[in-house]
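You will see two complexes here that share subunit A, one where it goes with subunit B and one where it goes with subunit C.
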Partner chain A sequence: MQSKVYLGIDVGSVSTNVVASNASGEVLGTLYLKTQGQPILAIQQGIKEISALIPQDAEIVGVGTTGSGRMLAAAIVGADVVKNEITAHATATLRCVPGTRTILEIGGQDSKIIILNHGVVTDFAMNTVCAAGTGSFLDRQASRLGIPIEELGQLALNAKTPTRIAGRCAVFAESDMVHKQQVGHSTSDIVAGLCEALVRNYLNNVAKGKGIVSPVVFQGGVAANVGIRRAFEEALGLPVHVPEHYSVMGALGACYLAEQIKTVSTFRGFDVADADCQATGVSCTGCGNNCEVVQFSLNGEIVAFWGDRCGKYGHNRVVASN
Partner chain B sequence: MVTIGVPRALLYYIYFPMWQRFLTDLGCKVVLSPPTNERILNLGTQATVDEVCAPVKVAFGHVLDLADKVDYVFVPRLVSVEPRAYICPKLMGLPDMVKHSGNKMPELLSPDVDLSRGKMSIARALSEARHTLGKSVWPTLRAFYLSLGENHKVEQRLMSGLTPEEAFHGTAWRRTPGVRMKVAVLGHPYNVYDPVLSMSLIEQLRRSGVDVVTAEMLPQHKIDVGLQGLSKELFWTLSKKVLGAGLYFVKTPREVDGIIVLSSFGCGLESLIADLLERNARRSEFPFMHLIGDEHSGEAGVVTRVEAFIDMVKGRSEHASNISSHGNLQHRPTSTT
Partner chain C sequence: MRVTFPHMGTCSIALQALLENLGLDVVPPPPITGKTLAIGAQYSPECVCLPFKVNIGNYIEAAENGADTVIMAGGIGPCRFGYYAELQREILQDLGLNVNMLVLEPPLGMITEIWHKLSPLANGNSFAKVAEIFYFAWRLGKSLDHVEQTLNRLRAVEMLPGACDRIWNDTLRTVGKTRTFRELRESAQHIDWMIKTLPIRQQKPLKVGVVGEIYMLLEPKVNLEFEKRLGRMGIEVHRSLYLSDWVCEHLLPEPRAKLHARKVKRAAAPYLRGHVGGHGLETIGHSVLYANEGIDGIIQVLPLTCMPEIVAQSILPRISKDFSLPIMTLILDEHSGEAGLQTRLEAFVDMLHTRQAIATGVEHRAK
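Up next is the complex of A and B:
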C-alpha cells in the first residue's frame, strides 16, 4: 500500500525548512537549509532533498507552507494550506509537547512569544522595532568575534563572570561589546553577557507584560544556543524545554495543518525542483500606490500574482493549480 | 470661484461634512485630495521634519498634492474642541510646519479654534476665514450655523458600521457572507481609516470575513460608559474616544470578539492609551493586539499578525463553547420547562 505523506515548508529570512510526516504524525525527515536571499532556489533544493528522505512510493496527500515566504513557497509547490507562523508554531508545539503554556520562539529576524491555555492560543506578540534579539544579530556578533555560531552557546556556559552588555539595540550592543573587549574581558564572559542581554531584550520587548507560565518551550534556530537557553532559565526561574525538532517547528506545524485538508492535494509534484521558476517584479502604474507586484511563472506559464493592494492582479492568483 | 483644497488626512475623518458644507455655502469650490497613496506619503516624508509622526507627514503630503490645484489649502488649527481637553500638539503645529518648511508652499486657510478659552474663539476663526475669502458677516454666520448639523447627518451611517469614508461619500461595502466574528479596530481615525497608514487593516479584516467596529461607529453614551470610573479625566480629545470605546468593549465582552489597537510609532498619546487598554484587556482575558505602524510599505508584517489574531480569536471562541476560561466544564443548567 502506498504510504501517505504530508509536507511542511517554512520559508524564513535566514533558513528554509522542510519537514515530511506520515499519516500518524511521525516525522520522516527534516531539512534546515540557509535561504541566503534566494528563497526560490532554497525551496527547490528543499523539495529535491526531502524526496530522498521519504519512501519511494509515498503519495503526497497534503502540503502546508508558512513563514514570510509562504506565498512564494505555495506558488512553487502548489500548497493546500498557507498559514501564518504563529498558528504553525503553536500547532507543532502542542502536538510535540502537550500542555505547553508558553512558547518562546527566536528565529532569524523575527522573535515571538505565544501564550497558550488548554491547548488554545490566548495571546501572542512579535518583535516590533528592532531585531536586536534575533538570530541574525547573534550570527553577526559570532562572526565578528571569529567564533563559529554553533560554539557560541557552549562558550557562554564556560563564563565565570558574565559582563553586562547593553541589549536594547543591536548597534549599542556591538559598541558595548567592543568596549568590553578593549578593557580586557574574556570572550566567554562577553558572549555570556550577550546571551543575557538578548534574553533581557526579548523579555522586555516581545514578552512585555505577558504572564510566562511553565511548561515553557523554547524553539526556533536560536534554541540551538545553550547559552541563551540557560539565560532564559535563569531570568525566568523556570525550566525551559527545547523540543527535538526545535529548528523546524514552523515547517512541522505546516505539515500538521495540512492534515486538516479534506480535498485532493494540489501538490505539483517533486518535478518542480527542476522547473524554471521566475518571479518578476512589476511596478504597477495604475494609481499613485505604485505597487510592486510580483508575477510568478513556472516553466514560462504565469501561475500567480501577489503584492497588489487593490486586488487587480490578485484575481489571477492561482496559488493552487493542477 | 475660489477653490479650496481639503487634505484627506488628520481631522478630515471627523469634520469633513461640516467643513464641506461651510465652504460650499460660502460659495467656494471644495477639492478633496485623493486617498493616501505611496506618492503622497513620499511627498510628505521628504518635506517634513523627522520628529513628527507618520500621519502628520502624510497630511503634509496631501497639502503638497493640492498645492498647485487650488487657491487655498484648508488646514485649520484645532487647539481644543471641548472644555478641558485638547488636540495633539503635533497636529496643531501642522500649519506652522507647512509655512516654515522652506518648500514652495500653497496659501493656507488656517483659522485657529480653541474652545478651551470659550466660544469667542469660533467668532475669531470665522472672522479670519471671512477676511481671507473676502466674504461678509451674515453669509459667513449663516454658512457656519448650517454646517453645524452636517455631522449629525452622517452619524446614522457611521452607526450602521460604515467607515467615515463610506459614510461621507455614500459608498458601501458588501458584507462577506458567513461572518463569524466581530473585531474592534481602535486608534486615531487618521490612522485607522487611512489606506496606507493602516495598511488597509479594515479591508483586510473584512475580506477575511470579520466584521469591524470602530470608535466612530459607537454612540457617545457607550463611550461614556467606557470612560466611567477612570481615576482622572483624560485631556486628549482624540484619545478619550479610543480609550472610552476600548474600555466599553472590555466591560461588555459580548459586543466584540477581540480588540486591535493601531497606533503610530512615536505617538505619545497612544503609548499611554494602548498600554492602559492592554492591561485592562489582559485582566479580563480579552483577545487584544497592539499594532504600531510607521512609514512601512511592506504589508507582510501586518498580514501575518492579523491572520494570527483571527486564528487566535477563532480558536478561543471554539474552545470557549466547550470549556469556560477558568478551565472547568461549563455548567449547563438543565431545562425545567
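Up next is the complex of A and C:
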C-alpha cells in the first residue's frame, strides 16, 4: 500500500527547512538548509533532498508552506496551504508539547512570542524594528570572535562571571563587546554576557507586557544555543523546554496544517527540483504606485504574480490554488 | 503663487479642490512612491517619524514641478508635529529651494481664525465665497470618507475579489475630481448606486477596529494599504479617525462632533486622563469604545518613534486584559517589505477566527 506523506516547507531569511511527516503525524525526515539569499535554489535543493528521506512509493497528499518566502515556495511546489509563521509554529508546538502556554521563537531575522491558552493562540508579538535580538546578530558576533556558531552556547555555559553587554541595539552591543575584549575579559564571559543581553532585549522588546506562563517552549534556530536557553531560564525563573525538532518547527507546522486539506493535493511533484524557475521583477507603470511586480515562471510557463497592490495581476495569485 | 501641500490620504484631494476653487495655481505633489520616500529620508533628521520624511519628499517633488508655496498644518501640544512645519521650512531653505511656507495652526476658537491665516490664499474672493468654497471642500472630503468607510466594511463580504477596490478607484477618479456641488452630488449618487448594487455575501464577518496615529491611518501609500489587506482576508474594518471627523470637531461649530469627542475622552478616562499629544488619548478612548461595541480585535498603527502612540501602546495591554480583547500594534517606517506586515495581519486574523470558533463552536472556512 502506498504510504501517505505530507510536506512542510518553511522559507526563512537564514534557513529553508523542509519536513516530511506521515499520516499519523510522525516525522519522517527534516532538513535545515541555508537560504543564503537564494530561496529558489534552497527550495529546489530541499525538495530534492527530502525525496530521498521518504519511502519510494510514498504519495504526497498535502503540502504546506510558511515563512517569509511562503508565496515563492507555494508557487514552486504547488502548495495546498500557505500559512503565516505564527500559526504554523503554534500548530507544531501544540502537537509536540501539548499544553504549551508560551512559545519563545528566535529565528534568523525575526523573533516572536506566542501566548497560548487551552491550546489556542491568544496573543502574539513579533520584533518590530531591530534585529539585535535575533540569530543573524549572534551569527555575526560568533564569526567576529572566530567561534563556530554551534559552540557559542557551550562556551557561554563555561562562563564564571558573565560581563554585562548592552542589549538594546546591535551597534551598542558590538562596541560593548569590543571594549570588554580589549580590557581582558575572557571570551566565555563575553559570550555569556551576550546571551544575557539578547534575552534581556527579547523580553523587554518582543515579550513586552505579555504574561509568560509555564510550560515555556523555546524554538527556532537559536534554540540550539544552550547559553541562550539557560539565560532564559534564569531571567524567567521557569524551566524552558526545547522540543526535538526545534529548528524546523515552522515547517513541521506547515506539514500539520496540510493535513487539514481534504481535496487532492496540488503538489507539482519532485520534478520541480530540476525545473527552470525564473522570477522576474517588473516595475508596473500602470499607476503612481509603481509596484514592483514579480512574475514567476516555471519551465517557461508563467504560474504566478505577486507584489501588485491593485490586483491587476490577481491578488496573491498562486496558480496552484486557482 | 503656485501652491502645493503634503499628501495625506483623501485630505489632499479635498485640499486640492479647495485651492483650485479659490482660483489658485495648484501644483499637487506627485503620488508618493519609493522615490518620494528616498528623497524625504535623505533630507530629514534620521530619528524623525515617517510622516515628516514623506512631507519633505512631497515638497521637493512638487517644487521640481514648479511649486513655490507649501501649505502645511502646524500644531500645539506635546507631539513634536507642532514643530514640523518650522523645521521643514528650514530644511527647504538650506536646500536652496525658493519655497514659501504657509503654516496653518489649529484654531483655538472658530473657523474665523483661519480667515486671517488664509488671507493670502483668499485670492481676492469675498468671505462669503471663501466660506462656500470651504464648505464644498468639506462636503467633498466627507463624501470620500463616507465611501471609504462603507467600502472598508463591505470589502469583507464582496463576492468578486477586488470589486470594492474598483469602486474606490472610480470614486477617486470621479468624486475626487468634482469641483461643484452639482458634480459632487451626481458622481456621489453614481458611486452610491454602485455600492448598493455590489454583490455581497450574506454573512457576518469579524470586525477589527483600527486606531493610532492619524497620518499613518489616512495615507494608504505609507501604511501599505493594511485596511484593504484586512478586507481581503474577510475582515470588516472600522477606522477610528477620518479627516472629516477632525475637521468637524476642530474647525466647524458642529455640536455632534464635539459630543463625540467628549464621549471618546470619557471612555479613555479610566486609563488616561490627560492629553498626551497627537491622537494618543483618542487611541485609548476609541479602543475602549470599540471594546464596548463588541469589536473582535483592535489594531494600533504608528510610525516608529511616535511619542503619543507609544504612551497609548503601553496602556493598550491593560485594555486588552480588561476586555479580553486582542490588540496588536503595528509600527511602520520606510520599509517596503510587505511580508512582515502580511504575516502579522494574517496571524492576527487567524487568532481572531480561532477565538470565534471556540466561542461559537463553528469552525471558520477560509474566504
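The rule is short, and it goes like this: the second predicted complex is superposed on the first by the 316 of 322 C-alpha atoms of A that agree within 3 Å, B and C clash if a C-alpha of one lies under 4 Å from a C-alpha of the other, contacts with A are read in each partner's own complex, and residues count from 1 in each chain.
Following the convention adopted for this analysis, a residue touches a chain if its C-beta (ideal position, glycine included) is under 8 Å from a C-beta of that chain, and two chains touch if they have at least 3 such contacts.
Here the structure is a predicted model, which is why all the values come from computation and not from measurement.
**Q** Once both complexes are superposed via subunit A, do subunit B and subunit C end up clashing or fitting?
**A** Subunit B/subunit C on subunit A - steric clash.
**Q** Given the touch rule stated above, what does A:126 touch, subunit B (first), subunit C (second), both, or neither?
**A** In the superposed model, A:126 contacts both subunit B and subunit C.
**Q** With the two structures laid over each other on chain A, which partner does A:84 touch: subunit B (first), subunit C (second), both, or neither?
**A** A:84 sits against subunit B and subunit C alike.
**Q** Mind working out whether A:290 is in touch with subunit B, subunit C, both or neither, as first, second, both or neither?
**A** both
**Q** Touch test for A:183: subunit B only (first), subunit C only (second), both, or neither?
**A** So A:183 meets neither subunit B nor subunit C here.
**Q** After overlaying the two complexes on chain A, where does the subunit B footprint on subunit A coincide with the subunit C footprint?
**A** 68, 83-87, 118, 120-124, 126, 128-129, 209, 287-290, 309
**Q** Using the touch definition from the top, list the residues of subunit A that touch subunit B in their complex.
**A** 68, 83-87, 117-124, 126, 128-129, 209, 287-291, 309
**Q** Tell me, which parts of subunit C touch subunit A in their complex?
**A** 30-34, 161-162, 165, 169, 221, 225, 232, 304, 314, 317, 320, 326, 328-329, 331, 333, 339-340, 342-344, 346-348, 350-351, 354-355, 358
**Q** Along subunit A, where are the residues that touch subunit C in the complex?
**A** 68, 83-87, 110, 118, 120-126, 128-129, 209-210, 287-290, 309-311, 315
**Q** Show which residues of subunit B lie in contact with subunit A when the two form their complex.
**A** By the definition above, subunit B touches subunit A via 34, 37-40, 195-196, 200, 265, 278-279, 282, 285, 287-288, 292, 299-301, 303-305, 307-308, 311-312, 315-316, 319, 323, 325, 327.
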